[in-house]
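Chains here go by letter, A, B, C, D, E, F, G, H, I and J, matching the order in which they are written, and residues are numbered from 1 within each.
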Amino acid sequence: MKREQLTEKILDIKREKGWSWKYICEEIGGMSPILVTGALLGQMKLVKPLAKKAATLFGLSELEEKMLNEVPMRGTTMPPTDPLIYRFYELILVNGPAIKALIEDEFGDGIMSAIDFNMDIAREANEKGDRVAISMSGKFLPYKYYGAEQGIPQLGYKED
Amino acid sequence: MKREQLTEKILDIKREKGWSWKYICEEIGGMSPILVTGALLGQMKLVKPLAKKAATLFGLSELEEKMLNEVPMRGTTMPPTDPLIYRFYELILVNGPAIKALIEDEFGDGIMSAIDFNMDIAREANEKGDRVAISMSGKFLPYKYYGAEQGIPQLGYKED
Amino acid sequence: MKREQLTEKILDIKREKGWSWKYICEEIGGMSPILVTGALLGQMKLVKPLAKKAATLFGLSELEEKMLNEVPMRGTTMPPTDPLIYRFYELILVNGPAIKALIEDEFGDGIMSAIDFNMDIAREANEKGDRVAISMSGKFLPYKYYGAEQGIPQLGYKED
Amino acid sequence: MKREQLTEKILDIKREKGWSWKYICEEIGGMSPILVTGALLGQMKLVKPLAKKAATLFGLSELEEKMLNEVPMRGTTMPPTDPLIYRFYELILVNGPAIKALIEDEFGDGIMSAIDFNMDIAREANEKGDRVAISMSGKFLPYKYYGAEQGIPQLGYKED
Amino acid sequence: MKREQLTEKILDIKREKGWSWKYICEEIGGMSPILVTGALLGQMKLVKPLAKKAATLFGLSELEEKMLNEVPMRGTTMPPTDPLIYRFYELILVNGPAIKALIEDEFGDGIMSAIDFNMDIAREANEKGDRVAISMSGKFLPYKYYGAEQGIPQLGYKED
Amino acid sequence: MKREQLTEKILDIKREKGWSWKYICEEIGGMSPILVTGALLGQMKLVKPLAKKAATLFGLSELEEKMLNEVPMRGTTMPPTDPLIYRFYELILVNGPAIKALIEDEFGDGIMSAIDFNMDIAREANEKGDRVAISMSGKFLPYKYYGAEQGIPQLGYKED
Amino acid sequence: MKREQLTEKILDIKREKGWSWKYICEEIGGMSPILVTGALLGQMKLVKPLAKKAATLFGLSELEEKMLNEVPMRGTTMPPTDPLIYRFYELILVNGPAIKALIEDEFGDGIMSAIDFNMDIAREANEKGDRVAISMSGKFLPYKYYGAEQGIPQLGYKED
Amino acid sequence: MKREQLTEKILDIKREKGWSWKYICEEIGGMSPILVTGALLGQMKLVKPLAKKAATLFGLSELEEKMLNEVPMRGTTMPPTDPLIYRFYELILVNGPAIKALIEDEFGDGIMSAIDFNMDIAREANEKGDRVAISMSGKFLPYKYYGAEQGIPQLGYKED
Amino acid sequence: MKREQLTEKILDIKREKGWSWKYICEEIGGMSPILVTGALLGQMKLVKPLAKKAATLFGLSELEEKMLNEVPMRGTTMPPTDPLIYRFYELILVNGPAIKALIEDEFGDGIMSAIDFNMDIAREANEKGDRVAISMSGKFLPYKYYGAEQGIPQLGYKED
Amino acid sequence: MKREQLTEKILDIKREKGWSWKYICEEIGGMSPILVTGALLGQMKLVKPLAKKAATLFGLSELEEKMLNEVPMRGTTMPPTDPLIYRFYELILVNGPAIKALIEDEFGDGIMSAIDFNMDIAREANEKGDRVAISMSGKFLPYKYYGAEQGIPQLGYKED
C-alpha cells in the first residue's frame, strides 16, 4: 500500500459524503486544519488519537490508520503548476531577498523554522472583496558558531 | 545602466554608512518595509516621492532616481539555495496541497492575489525563543466563469 | 478515482459518439467553450448545473458528476511539446518583454489577471487563408503599495 | 557590439528623456507597437525606414541603426519569473489542452501561425476596474499530408 | 483508451506478422511513409480513408480506427537518448546558427514551416558506404509586420 | 582571446561592410556555405587556406586566423528559443520515432552520421510561396557487433 | 508488450536459475558480453541466431524472441544516480576537455565513433587490489568538409 | 563590490603567501575551521572580532572587513561537479531514505537542524590508508503540531 | 518483480507488525543499521546470511530473498523534497567548498570514499534539546598521477 | 585571478607558438598526457616540479605557477554539447546498465575508482580507417559492509 493510494481513497469518500475540509477538521480536531488536511493529503502524520478519529470518520482499516500515523516522504512537484499554489511560490520568487534582508536585520544570522512553525488561514471581510489572511509564526533559529575545540560543541561569540 | 548595478551601489553605500534596513525604511517611509527593501534590491518600484527620498538618502543621480521609479523585470533564481529563503519554499512544497484545499473550501474556486497583497514581518517574543511572525493578506480573486456570448463578458453562474 | 481517469472516459465516449467539442459545449452551454472544454479535460471545474448537464450528456455516475464540480489540481507539462500549443508558448517567449513594457506603459505597475479573465476563439475569414482570432480580456490588477502601519492595510501613494 | 548592449543604451536614453513607449512608437510609427517595442528590446527587426527613424529619435550611430535592421537571435528565459509575463504563461499552462481541442475542432489538424500573426493591446474601460484587452490573429496553417511520390510534393487527401 | 496503448497494440501485431514499415506504408499508401509511420507511432493523424485501410490491415476495432483519425498530443522526450535520433538533434545543436544565418540571408526574416512541410528518406548508394539521403522542403513563412491600425491587419513595409 | 569574441568581431565587420553571408561564402569559397558560415559563427573550423582567405577578407590578425583554423568547443543552448531554429527542433520532437523506424527498416541497426555529413539549403520556387529546400546526406554507420575474443575486434554476424 | 517487461521477465528467470551474466553470455556466445548483456537489458538488439539461443536458454515465446531481435529505443536516465555508473560519467565530466584536445591533436577534427565501437571489461590482478581494466576502440570519423557544388558531395581540402 | 570579488582577492593573497587553511584558521581562531573557511569562501559570516582578525591577516580595507561580517546569499551549484563534493552528495542520494527512517525511528517526526549544527573534520590514522573522519551534531527539531485556536500557538499532542 | 515492489511489501509487513527499524536491525544484525535499513528500502544489498535472516523475519519467498542479495540500481530523486533529507543536502550546498578546502588542505588532492565508508547515527543527550550525532568515516583516496609510459601504470611524483 | 583566466592565457600562448599538446606534454613530461593536458585546461593539478616546467615553458609568473599546483574546482557542463565529448557520454547512456551488470558479476558490489585511475589514448592503425584506442584501468573498490559496533569500524561478512 502506498500513501497516495490512501489519499485517493480518502478523497473518494470525502466526495461521496459531500464533506468539506472544515467539517472533516472539526470532526478530527486537536490540531491546526492545515496539519490535519496535510496529513489526509499525504504530507503530514496524524498523532495516534487523531489517526484513530480519522479512521473512524472515513471507515479505514487498521493498517490504513497506522499509515496515517506514519511520517510520509514529504514533498510535491515544483514549480507548482496550479495557479493558487503558484501565487505563494511567486511571493518568494519576488520577495525572497527582501524577506531575508529584513529578518536578518531584526534577528541576525539565522532562519525562521519551517518545523517549529504554525500557520492559520482565515477569511478577512473587506468591502472591496474579502481577503485571505494568513498568519505564520516560526521560531527563529540563529546560526550557531561553534568553537574549534575538537568534539566539544561550544558557542563562539554572542556578539552580533 | 542595469538595475543590478544600482542595487550593488546601494548595498555598497549601506555597508559604508553602517545603516540597517530598518533605518533606511524609516527614512524613506510611506510604504511597507518589505516593499521599500524589495525596491532597493531591484524587485519593486518606488513611487516618485519615495524614489526622491531614497535618492537623497543614498546620494543617487537623477537617472538612478528615475530607475528606482521603474518597474523592474522581477524574479530570482529558484529553487532558492539560501537556507533562510528555502524554508519559505519548503513551506509551499509541503503545505501547498493543504493550503489549496482549505482556501477553496472557504472561498471557492480562485486564488489569493499576490498583487493586491500585503505582508508584515514582526518579532514575536517567546520565552522558548523569539519567533518570526509573518502576516499576509491578499485579496481573494474568484475564477470568473464568463458566458459564451461572443465579445460580451458575462458571469455564468453565481452558484458555487 | 483520479481526474485523468474521468477525462479518459469522457474522451472515449466523445470518440464513440463522434461528437465535436462544439456540439458538446452547446449541449452543456452556459459558459465559454474554453471553460467547458477545459473542465472536461480536467483543468477547470464545472458549476453544479453544468456538471449535471455534462453528466446527463455523457451518462456519468453521481460521483463522476461531483468530481466535475471539483476544482482540479491545474496545470500541464511545460514547455509544451505539441506544435499547436507551442506556438502560444513561443509568442510569450518572443513578445513577453514588449507585452510587459506596453501594459505597464498604459496601466502602470501591475498585471493582467489570469483569473478574472475571458477568452474567445473564432474563425476569421480571409482570402489568403482563414485566421484564428483570439480575443482575451483580463482585469488589470495594480500592484498595491500598502503602508507600513502594522496590521492596517493602507494604500500608500496614488501617484504613478 | 551585442544586441543587448544596444537595448541597454536605448533604455538609458528613454529613461533620460522620460519618454513613454507610446510616444516612441508614435514617433517611429508604421508598425504595431508590439513589434516596434519588441525590436527596441532586441526581439524583432525594424525594417529600414523605421530603423532610420528610430536611429534619429535616439541619436544612434549608423552601425547601431544597421543592427536594429538585423534579425536578432530571438527568445527569453522560461519559465518567466516576472509576474506580468507569467500570467500569460499560466494561461497556456492551464488552457493549452482546451485551446488545442477547440482550434482543431474548428479548423482541423494544424496550428495558428506565430509568424503570420498580429497582436493588439488595448485598455477596455470597465466600471469594476479597467481591463487589458488583447486581440490576436494568426493565420491557420493546416498540417500538409504530402504524398509518397519521391520528390513531388503533392497533397494527399482533402477530406477532413 | 490512450494513444500509446494503440501504438503498443500496433507494434505487437507488426512483430507477430513480421511486417516491415515499408510493407505497411505501401499497403496503406496515399501519404508520405514518414507521415503514415508517424501516425501509427502516435504522432500524426491518418485521414479517414487511410485510417480505414490501417484498421483493415491491423484488424483494429472501429474505435481504434477513429482514434487513428484523431490529432494526437504530439511530442517526445528531449533531448533524445537514442543515438539515431540524437544525431539529428546534434545537427541542430551545431548548425543551428548557420542555418538561421543562411535562410535569413536568402529569404529575409521568417521561418521554414514545420507544418507545410515534406520530408523524404532514401538510400543513396555510395561505394564508400551507402548514405542516408534526406530531403526536406518547407514553405518559407515571412514574419509579418502588421501596421498599428486597431483591428485592421495591414502590412507595413514590403522593403526587406 | 575567446572564440565568441572573434565571432563578435566578425559580425561587427560584416555589419559595417554590409556584406551578405552569400557574398562572404563566395569570397572564401571551397566548402559548403553551411560550414563556412558555421566556422565564422564559432561552430566549425576553417582549413588553413580558407582561414587565410577569411583573414584577408575580414582583416584579421595572424592569431585570429589561427583561431579560425582551430576546432571549437561546439554546441549551442537547447531547446532553441529562436523560432527559426526551433522549427527544426520540433521536426525531431515530432518525427523522431518515425525517422528511426524508417532508417532502421531500410538500413538495419545503426545511425546516419552527423560527421560524414553534407547539407545544402536552397530556394525552391513555388507559386503558393517559395519553399526552403534542405537536402542532407550522411553516411549510414551500422552498429558493429564485435565478437567476444579478448582484444581482437571481430565482426559477429552479418545476418540482419 | 514493452521491452522493459521482457527485461523484467529475463531478470526474474536469471534470479530463479541463479545464473551469472558470464554464464549467460557464454551460453549465447558470438558477440561481446557487453552487447549480449546490453541486449538482454533492453539497450541492444540480438542478431537472429543469438536471439534464438537466448530464447531457448530463457524459454521465451516466439514473439519475445522477435522482440530481442528488434532495435530498441535506446537510452537511460542521466545523470546516473547509481555510484558505479556515475564514476564513468564523472570521468567525462572531468576529463572531457583533455580527451577532446588529445584526440584532435592526434587525429584532427572528428570524433571517435560510438557505433563502430568495441569495449572489453577485464579483471587486472594487482597486489594493491585488483583493477577493472576497460579497453575501448572506436573508429575515428573525421568531420567531412564537403564542397559547395550543389548536390555533388565533394571533399574540400585534404590539408589539416 | 560583490562577495565573490572579495573571495577571489582572499584566495589571491592566500596563494601569494603560501598559507594553508589550517594556518589561516588558527590565526583567526575562535570558531570551527569549517565556519571560518566557509566565511572566507563567501558562505558564512564572520562575527566582528573574527572579521577584524581576518582583515588584519589579509590586509583588507574597512569595507571588506564589514562585508565579511555580513550574512551572504548562501548556496552553490547543484549537483556538484567536483568529485570530492559529489561523494557527499552521493551519500545522501543513496542513504537518504535510510537516514530518514532511522532518525524518525529514534526521535519521531522532525529534522536534524542544519542551523544549530556543528561539524568537525579530522584525520583518522589507519594502516590500510588514513581515513577522513567527519562528526556532525545537529539539534533535533520535532515537527510541532500546533492546535487550531486562532492566533494562539499551542502544542497539540505530546504522544508520539 | 521489481525491487520497489519488494520494498513496498516489506513496509506493509513492518506496519502490520508494528516493528521499529531498531528492532528489525537487531533481529537481522551483523551490519550497520544504515546498511540494513538501506537494503530493505532498496538501496543496498544484504549479504547472503543476512538476506536469509531478513527473509525469515518478514516471511519472504526464496526469490525475494535472492533479490535482497542483489545489488540494486541505486539512487533517489534529487534535490530531495523531504525536509529531513533536504537538511543534509543543504549542508553540502552551503559547506561544500569549505569541506573541499579543508580535506585537500589536510590530505592533498583526492576524495573521501563513499564506498569504503561507515556511518553511525546516535542520540546525543543535551539539556537544550537532544541532538542527532552522526559520525562518518571514509577512506581517503588520493588522485593518482600515473606516468606516461604506455600501458604501465606507474606513480608519478610523491611530492604533494 | 581565476583558473579559467590562466587557461585562456595558456591557450593564447599555445596558439601563438603553434605547439601541439603532444609537444607540450613531452616538454613537461612525468605524468600521463591526459593529466597534464587536463591540468592546463583547469581540471587537474600539476605537482610542483611539473608546474615549474610548465611555468618555464609558457613563461608564467610565480603566482600562475602556484595556481597550476592547486586543486581546481573540477567539472564541466553536462550533457556535453560538443560531438566528440558527447560520444563518450552516449556510451554510458547506452551501455551503463551492462557495464554495471558485468563489473558486479565479476567483482561483486562496488565501483571502479575514478580517482585511482589511469587512462591512455592511442592511435590504432586499421586499414578500414584508424581507430581511437582507449585503455582505462581503475582500482575496484568494494562496498564495505561495516558492522554495527558503535564507533568501531569493522567488516561484516566476507562472503559475497
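FYI, a contact is a pair of C-beta atoms (placed from the backbone, for glycine too) under 8 Å apart; a residue touches a chain by one contact, two chains touch by 3 or more.
If you're wondering where the values come from, they're calculated on a predicted model, not measured in any experiment.
Annotation of subunit D and subunit J: jointly contacted by E, F, touch as defined at the top.
By residue number, over half of the touching pairs seen at A-I are also found at A-C, the match among A-C, A-B or E-J.
Interface comparison, C-D against A-C: more C-beta pairs in contact at C-D.
Between subunit C and subunit J the centroid-to-centroid distance comes to 53 Å (mean Cα coordinates, whole Å).
One finds 22 Å separating the Cα centroids of subunit H and subunit I. Chain centres here are Cα means. That of subunit B falls 29 Å from that of subunit H.
Taken residue by residue, subunit A touches two or more other chains at 33, 35, 44, 73-76, 78-83, 90, 93-94, 97, 100, 104, 110-111, 113-115, 117, 135, 137, 141, 153, whereas all remaining positions touch fewer. If you check each pair of chains against the touch rule, the ones that pass are A-B, A-C, A-D, A-H, A-I, B-C, B-D, B-H, B-I, C-D, C-E, C-F, D-E, D-F, E-F, E-G, E-J, F-G, F-J, G-H, G-I, G-J, H-I, H-J, I-J. Contact residues of subunit J toward subunit G in the complex are 20-22, 33-35, 37-38, 41, 43-44, 74-76, 78-80, 82-85, 87-107, 110-114, 117, 119, 121, 123-124, 126, 128-141.
Against subunit H, in their complex, subunit G makes its touches with residues 79, 81, 83, 86, 90, 93-94. Taken in their complex, subunit H has these residues touching subunit A: 25, 29-33, 35, 44-45, 47-50, 69, 71, 73, 97, 100, 104, 109-111, 113, 115-118, 120, 122, 135, 137, 141-148, 150-151, 153, 156-157, 159-160. Listing the residues of subunit J that touch subunit F in their complex gives 8, 12, 15-16, 18, 80-83. Those residues of subunit B lying in contact with subunit D across their complex are 1-2, 63, 66-67, 70, 73-76, 78, 114-115.
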